[in-house]
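Okay, got some structures for you below.
Across the two complexes that follow, subunit A remains constant while its partner is subunit B and subsequently subunit C.
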Partner chain A sequence: MMKKCILILLVLTLFLSGCWDRRELNELSITMALGIDKVKNEYLVSAQVIVPSEVSMQASSGRSAVTLYQASGETVYEAFRKMTKDAPRKIYPGHLRILVISEELAKEGISESLDLLARDWELRSDFYVVIAKDLTASEVLNVTTPIESIPANKMFNALKTSERIWAATEGVILDDLLTNLTSDGKEAVLTGIKVIGDKELGSSKQNVESITPSTRIQYDHLGVFKEDRLVGWLTEDEGRGYSDITDTVEKTVTAISCPKGGKIAIEIFDFDSTIKGSINKGEPEVDIHIQAKGNVGEVQCSIDLTKPESMNEIQKIYEKEMKELIEQTINTVQSQYESDIFGFGEAIHRSNPKEWKEMKEHWDEKFANLTVHVHVEMKDLRIGTLNNSFLRKIED
Partner chain B sequence: MQNVKINPYQYLVLVIFFTVGTGILIVPSALAAEAKQDAWIAAIVGIGISMLVIWLFTTIALWFPHLTYIQINEKVFGKWIGKTVSVLFVIMATYYTSSLLYYSATFVTTNMMPNTPLVALHILMIGIVVMGIRLGLETIARSAEILIVVFVALFLILAVFISPQIKFENLQPVYEVGTKMIFQSSIYLVSSSSVNAIVLLMIFPVFINKVKQARKSFIIGHLIGGIFIFLLTFLGVSVLGAEDTARQIYPGYELAKRISVGDFVQRIEGLMGSLWFIALYFKTVLYFYASVLGITQILNLRDYRPLTLPLGMLAVILALVIYPNVVYQKVVEQSIEIFFSVFIGLFLPLVLAIVYAFRKNKFKQEPDSS
Partner chain C sequence: MGFLKRRNHSKVQSTSPSQTKETSSTNDLKTSLQDNIQNVKDSLGESSDIVIREIRIGKGGSVKAGIFYTDGLTDTPALQNFIMESLMLDIQGTELEEKLTAEQDVLTSLKDFAMTVGDINDVTNFDDLFTSLLSGDTILLVDGYSEGLVIGNRHWIERGVTEPMSQTVVRGPREGFSENLRVNTALVRRKLKDPSLWMESKIIGTRTKTNVAIMYINGVVNDKIVDEVRLRLDRIDIDGILESGNIEGFIEDSSYSPFPTIYNTERPDTVAAALLEGRIAILVDGTPFVLIVPALFVQFFQSPEDYYVHTGIGSLIRALRFIAFIIALLAPAFFIAITTFNQSMLPPALLISLTAQREGVPFPAFIEAVIMEITFEILREAGIRMPRTIGSAMSIVGAYVIGTAAVEAGIISAAMVIIVSITAISSFVSPTYNLAIAVRILRFGFMALAASFGLYGIAVGLVALTLHLCSLRSFGIPYMTPLAPFNVADQKDTLIVAPIWKMFTRPRLVNQKDQVRQQDPASAKPQPPQK
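Our next item is the complex of A and B:
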């Protein structure tokens, strides 16, 4: 009797598999990239949705791997849901990898459009946020890409890789962005993304059929924010300077000048920077300490690498040029944007909480005149597999 | 019923679950709202104060090692005042049972299943609670003994996998908000984890076989639970930052969401959810047990089992009506409920202790009869 009861109960559980919240895979459209534009006071949301049959392992029919749905509304959420007028399935954002915001919207302020993405339960806030430079977000999502058939994946991985081994771009995930937007002592930056070539051609499959696609997506420089508004762009070098200061560099390659003309490229494989705040005679000051380990990657000048002195020389030059780069970056940001993207305010907050309380109201002015001391030290320098460059022999 | 006995280790486990219970889900957020990056200090302070409260409880309970809290009330205050105090106590236990049902159901609807009606989740939860209580304290204690292993394992996974993301800058400057604020924000922790632990006096020390050790396990269990809460607060503030910890409704769950080890171990928050469910379940069971047994003893009934089902239904209905929404619940829980808890769980026991001091000799002469 008991056994029968249990059996019946077990069978009944089959009917209980999530009544209200069941979601079948074939009722969902997975989106991996979202774009937000502002058109006449309305948000235009574009979702790049994966076409399951085209990304499956079985032979695909040659159609595009993704498709773009768009809708506009007064709020982002409304627009997002309105897409179902066009899309046959509910759009599921749980696997979102990248959010593209148009430059125009970024200049007006981005915070309003971000709340949905932080609040909604389906989303996890580990996707990158980037700014579409000089064009709309939907245009960026409308380009096909080689290697990765899903453009969202290409955008995600390109940013991830370039952040790791090139360092002038910055992969900012939503969490970091929100932290920086809400922090008193640090402003946000976002990497720009742009489309090179013909935008019309970019959306067709033919684009990826040639060796050099006529239209491609590429990351550009860093955009500087003041509060939640985009106020300008850094140059490539300044972007590097930013990464160096904020310690987001993992690996990078830097070209420095030789003592007697020419260039040496140094691969940095270990990089560490710390920002320390202090108060000197009532005025805030910041010290940046940088320690780098590098490898001589490419020599284009006649320098005798067998001598310890020249190694010292290279280190000295690197330290000097690095210092200049960082100081120049800070100068530009201080004079042009007055926006503390480096988090110097937070450093002061950590070291002198009492003084910070008084100066945080007018920190922007303080930041513009802040004294920053930069200390760069190169520790370990390797030379690769060659001693002296063959260039020396040829030139002799 | 009186011959039911659990051992001190099982009691220790129950105390851990009770302490951790709701705390592990929302305390980090409540602490960080006021104490900012010093939330973890507030957690330590809160645990310190909690230990004193628990010490008071054990002292009172050990004056009458053969009586439950309800019976102590009657003995010390006399029949009618004692019963009144006990009724308040039972109301509190029932109220918190429903409150916890609401908790667990909102947790599920916010994070996993937004379309599922609350009442369905309430019924599921109370179903196993009632079942557990009907099977008796020993069964509950044994299942707690097993599930604590799962709980600790999951907690360790959470702590280890999230630790690479700790940023010590998030904790600086240390001690910025000042002593007053730290104490103020720790009150919430004290009320939810230790003052409410008065319901555990329905088990301690009557149903435990080694009273001397039981006192130790009460205190140590509470300390271990406190350490879990401290660790989670610490992780919350150091990984998410104080601002974000305060902004999240469930910071612990957000932590689980952020786990990503080598792009491989990630998206495991669903699994981590069971961490909170285990703790919430046992806390609910302990509240419910206190309210059921309390009513039984106030009315001098012989068995508590017939009461479980009707009271369970009552708890479901109550859970549906006590809070109109989560915002209301948060406000109530950090204002009215604190006073409510402190009045019943701290003020009344203190009065009891004072009355006992005056009437001590009388109790000494007549040995315990029950």
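Our next item is the complex of A and C:
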């Protein structure tokens, strides 16, 4: 009796499952990149859909590996579904890698258009969000790429790699973006993406047939948001300053000046920054502590690296230039955008929750006049596989 | 179910009274030799292989006697040398011949002095006479006596001790059981020269009269399980037992479970090891497959070779068998679930590659998998049944149809061929054929669950399977021992194979008495000599 009961219960549980959605693989339009534009009060959604037979090794016939479907509607979801008027299969966004939002839409505000993407169960919220700089999202999705035949993969991997080893770009996934949009003490940034060259030509297969493609996709600088609206762009150096402050640097290369002219490139392989908030005489203050470890990567000047003094000197220069860069970045953001993209507000919130409650409402003004102390320390500078640069010998 | 049970029951009841009537008829041997001969001839329908030889022995041929044997089952040279010759030639002119007159007890004299054969018994009724006669014994009846002698000189053409076809090993003894019960018991005796190795015999099958032997080591075995085995064997009431599988069908705990609760083996070393662990072996005449009870789930993952090789490779291969079991059970189901329900679990590159392969495939993944699985099962069955000589032809056709042509024709996706092949190969890893059968049956169930409910269906199926496995018992021992109920000491031979010197206790639940196998475990570990 007991056994039968358990058996019946088990069988019944089978029918309790929520998502009944059986689809064969060849009934899916695998979408790895989505673009959202705003055209005359309507959303124009572009989906870069993979043509599986072209991607696979054996059967490719030389046609494009992806195709673009577009539809517009008053809401993103509507446009999404409307796409089936054109697309032979249902759009499957489960493997979405990158979402491109046009600069125009970003300036108006992005939160409305993101709701579907955060709500839909099929989507994983770990795809990157980027801003199409000076052009529409659909134009970005319309460019063929060499090496990676799927442009979405190229965009995803390029951002992932450059974020890791170059640091002037920021790979922001949807989850982080939503956190930053809703958080009080931190504003969002998104990396810009741009198309270099002839946009018309970029969509054809010929584009990738030459060694130097006439049209390419490239990441650009960081876009600063205030609330959910794009307010401006940082320069490349400022972008790196931003990465340094927010501790998203894994590895990077920094060029600094030699004591007697020329340049030294330092490869940073261990970088750590902490932001500490405090209240001094009723006014908020922020301390940034940075610790870096690095290698001398490239020497273009005459300096005796075997002497400890010169190494100390290099470290000092690095610390000084780094400090300047960071201070300059903060200055720009404070004066031009008044948007706390660094999360200083969060730091104050953590250190002084009571005071934070009072200043939360008018934090933007407080941020604009915030005192920031920057402390940079470089440790363990190494010199690579050469002692002194052969430049020194040539000069001798 | 209840309905079926009731019907079977009434059938059994209706047949049993008629059987008892038959046996209660005039069964005892007559005093007249002629009457007995006539009765034998009538009962056996004058079968041509029954030889009846009438002779006269004793002084002046005063005593009439009859010799009965079955041609082909009896050792004819022995019959001529040690029975006919003794009776008719050797005793001429001896003291014994004087005694052989009608007045004396001829039978006892013959038994005591004339028969130069080891195994001699008395027989007083026709039932026993026929059993012995048809088993190959020689029967000697003497006129004037209502009893006779059964002379054990059975001998028939048989297969010798050869390498077992199932459960092959790289390292380990190459001998396997044969069809002869005596040879089989001898093979076990040869491994275990222990006076406590006891053997009980039973005759099962009202017409086949099959010899069945129960072997165990007294003092190690759990007596309750022996009682249970006896009880279950005594309950069998059928006319014929042709293979140990028939016995298994009657005494196993759960007939409808796909999982075997009785172990079978062709290997004497496996039987000896099982006996040492306190298990019971059931040997059946006419088959090389010996049953071992109680049988636990983990036992079906154990190969005798595990204990003959290094502990590292033993453990690794044991783990591999569990993995292969899971693959054989779930691989097609998992593939179906992932590709039709849970695509988001696939890495992007794999998703694209699989999608590309599926372009133009006309069937849903489930149908595709079922087609391939059935094709494979057909090939496999054909491979077993067909004449050996056309084997290579079939393997070519099979490999080509399954492998290349189906994919090139676009009927089946390449990935599915890989999955089915992996599944097939994995199911051959199992050291026991029984468990592989269970997996073959359950695989289709899991595929259906996956096709209807995705990974969720598989999860529910696994829960049901676990519940079922935990509810099974083999002769009173929980089937999943020592995993559930968990037993630390027995883990030494479950998921891993511990070094032999660490196995100093017998499995806990199987055996309750005489737990310890090595008296001094501390000194069992090999070590350099101490100064």
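Odds and ends about this structure:
What we mean here is this: the second predicted complex is superposed on the first by the 375 of 396 C-alpha atoms of A that agree within 3 Å, B and C clash if a C-alpha of one lies under 4 Å from a C-alpha of the other, contacts with A are read in each partner's own complex, and residues count from 1 in each chain.
Quick note on the criterion: contacts are C-beta pairs under 8 Å (C-beta built on N, C-alpha and C of every residue); 3 or more make two chains touch, one makes a residue touch a chain.
Note that the structure is predicted; figures quoted are calculated from it, not measured.
Of the two partner chains, neither subunit B nor subunit C is touched by A:Leu386.
When the two structures are aligned on the shared chain, A:Asp126 is found in touch with subunit B, with no touch to subunit C. Within the superposed three-chain model, A:Ser351 lies in touch with subunit B and out of touch with subunit C [touch as defined at top].
Contacts of A:Leu178 after superposition: subunit B is touched, whereas subunit C is not reached.
By the touch criterion defined above, A:Val39 lies against neither subunit B nor subunit C after alignment on the C-alpha atoms of chain A. Of the two partner chains placed by the overlay, only subunit C lies in contact with A:Lys3; subunit B stays clear of it. In the superposed pair of complexes, A:Asn26 makes contact with subunit C only, with no contact to subunit B.
One of subunit B and subunit C touches more residues of subunit A, and that partner is C. In the superposition on chain A, subunit A positions 21, 124 are in contact with subunit B in one complex as well as with subunit C in the other. Contact residues of subunit C toward subunit A in the complex are 339-341, 343-344, 346, 348, 351-361, 364-365, 449, 451-454, 456-457, 460, 463-464, 467, 471.
Against subunit B, in their complex, subunit A makes its touches with residues 18-21, 121, 124, 126, 175, 178-179, 182-183, 346, 349-351, 353. Against subunit A, the residues of subunit B that register as touching in their complex are 110-117, 120, 169, 172-173, 176, 240-241, 243-244, 257-258, 260, 267. Those residues of subunit A whose C-beta lies close enough to touch subunit C in the complex are 3, 6-7, 10, 13-14, 17, 21-26, 28, 30, 32, 50, 52-53, 55-56, 59, 92, 94-95, 97, 122, 124, 150, 153.
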